[in-house]
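Here come two complexes built around chain A, the first alongside chain B, the second alongside chain C.
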Partner chain A sequence: MATPKPRVKVPKKASAGETITIKTLISHDMESGQRKDKDGNVIPREIINKFTCEFNGTKVFECDLEPAVAANPYFEFSAKVPESGTFKFTWVDDNGSVYTEEQKITVE
Partner chain B sequence: MTRITRRTLLSGTASIAAIAGLGLLARPAWASAEAAQEAVDAFTGGKKPETGKITLTAPEIAENGNSVPVTVEVDSPMTEGDYVASVTILADGNPNPEVATFHFTPMSGAAAATTRIRLAKTQNVMAIAKMSDGSVYSDQKEVKVTIGGCGG
Partner chain C sequence: MKKSTIAWIALMAVTAQPLGASALADPVSDSLEIDGQAMITEAPAPKEPAGHPFEVVKSGWLYREPETRSMEMDSFENPGMLNVERGEEIWNTVEGEAGKSCASCHNEASESMKGVGAHYPKWNANAGKPINIELQINACRENQMKAEPYKFDAQDQKDLSAYIKHQSLGMPVEVDLSAGDMMSWWEKGKERYYLRTGQLNLACATCHEANNGLYLRADHLSQGNTNGFPTYRLKQGNLVSLHNRFRGCIRDTRAEQPKAFSDELMALEVYTAWRGGGLSVETPAVRQ
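Coming up: the complex of A and B.
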């Protein structure tokens, strides 16, 4: 699997207190641990097990993932935007790797 | 005594193998209704969820069990004093019933989320919401799956 690549879609602007929609995607096989290789050995589980979205340091949304989440985990969720700032997205892999992405938003 | 031909020997062996095979199937690979109920109780702390407030949207027929879009929406003001704390998604026909748990905060603005899940076969998908006051609500949909999503 190539290095997981995150992609996020956040509006660039919002009004103060508006609730916006955020979409996130990360490329990841989400190896469930259910598959076997051609020799019959179980391919070990390796998934993204946690996704977190924070705004200016405050947690907005979080998801605990199990192997039943489809490959290339996709999330669409809402966030209230009180002021201008930065969204920070974090994905945690079973193997300990942490992937992050940030996106600024301006409140006008 | 009938002659023991290679043919009779082979068919006898096949019958024994078939019976042995059935014995191996005694432990199902799929989650049972009990496993799903245990998962519900683990999330709700034993409380029985009420209907209402939460809506689970899932396709009636999923062409590809590897990627089934599901949306959960919970009717809630999402204020500091009254919000949805978490929503868990369970699938009663997968090898394990747990799929994902969303944790919301008042900063979420709305208690709604969409993701894509794997379904091994036709089964019920359930979404359970736990509110900030401890109350629990659930919704359930049956999803027919034509190609299973467990990679095997």
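Coming up: the complex of A and C.
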């Protein structure tokens, strides 16, 4: 599998207290651990098991993922932005890797 | 006696309802905009050559579930776009002994490849037969880049051909049948389309012409147009090439599968591309 590549979509600007929509997508096989290879051996589970979103250090959204979640998990959620700042997104892989992405937003 | 007959008819009416509710299975009437750009999902069927079975050709997008349809409307949400991005990297990667990348000759794909994908398969005088994007890429790799041609359905082949076809997003599919010997390939493709094969004795037309809009078990049959290929199929969680889908359909009829890019399937590609003429290129489309 190629290195998972996260993508996020956050509006660049918002007004104070506005509810914005955030979209995230990461490329990942989400190998369930249920499948077998050609020789009949179980392909070990390797999924993204946790996703979090923080705004200026405060947790905004958190989610555990299970093996039944399809490849390339996509999240869409809303958040209220009180001030300018940075959204930090984190995906935790079964193999211990952590993928992060940051996006700034300006509140006018 | 009479009473029970009426009750029987009433019961029939109730049980007949699910069958009668075929409106559920019909394609929806909806308009597709991808990031605000309008797509042609319904077009008058090509008039030349005569003999198109439909009045209106419809994109497979109209046959999918609302959730699947909405995935394609937002290029961010469309997982196939991850492959398109990867395709862009391949476009700019130098490979082979000639030390070239696609970009070395073709520069910016957004300019040089605009409209290209909408006109394949195309007559190739050197090969003496029609070729598709995958074969054109391989010809470039061998002759210009001095690199190994891609094996059928290599991930790079799918990603790169999706990237190239994506540059024609929204443009109507139009195959030039006047070039070279294209008409005889069209004829051969048509023959293959209506040929029943396999233990299930099915032709392409059995599902995609006679029964489109109905369900084949859980599968909502479309007209089988090719404007969205390579397409992101949720079932595979990956891009699926047209020849992979051809082979998959033929396998499902329990027939022997022709090889990818064989004359048989190239003829079928020419014919099916013509059948869906006028529809927008949707690559990478999102399907079930």
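Heads up, the rule we're going with is that the second predicted complex is superposed on the first by the 108 of 108 C-alpha atoms of A that agree within 3 Å, B and C clash if a C-alpha of one lies under 4 Å from a C-alpha of the other, contacts with A are read in each partner's own complex, and residues count from 1 in each chain.
Just so it is clear, a residue touches a chain if its C-beta (ideal position, glycine included) is under 8 Å from a C-beta of that chain, and two chains touch if they have at least 3 such contacts.
Keep in mind the model is a prediction, meaning the values are calculated, not measured.
Once the two complexes are laid over each other on the shared chain, residue contacts for A:12 go to neither chain B nor chain C.
In the superposed model, A:74 makes contact with both chain B and chain C. Once chain A of one complex is fitted onto chain A of the other, the partner contacts of A:27 are limited to chain C, with no touch recorded for chain B.
In the superposition on chain A, A:60 makes contact with chain B only, not with chain C.
The partner of chain A that touches more of its residues, comparing chain B with chain C, is B. Within the superposed three-chain model, A:2 lies in touch with chain C and out of touch with chain B [touch as defined at top].
Residue contacts after overlaying the shared chain place A:38 against neither chain B nor chain C.
On chain A, the surface patch touched by chain B in one complex and by chain C in the other comprises residues 70-71, 74, 76. Only residues 2, 5, 7, 9, 23, 25, 27, 29-30, 70-72, 74, 76 of chain A touch chain C when the two sit together in their complex. Contact residues on chain B toward chain A in their complex (touch as defined above): 66-68, 71, 78, 91, 94-96, 98-110, 112-119, 149-152. Of all the residues in chain C, the ones that touch chain A in their complex are 74, 76-77, 79, 82, 85-86, 234, 237-238.
Partner chain B is touched in their complex by these residues of chain A: 19-20, 32, 34-36, 55, 58-71, 73-80.
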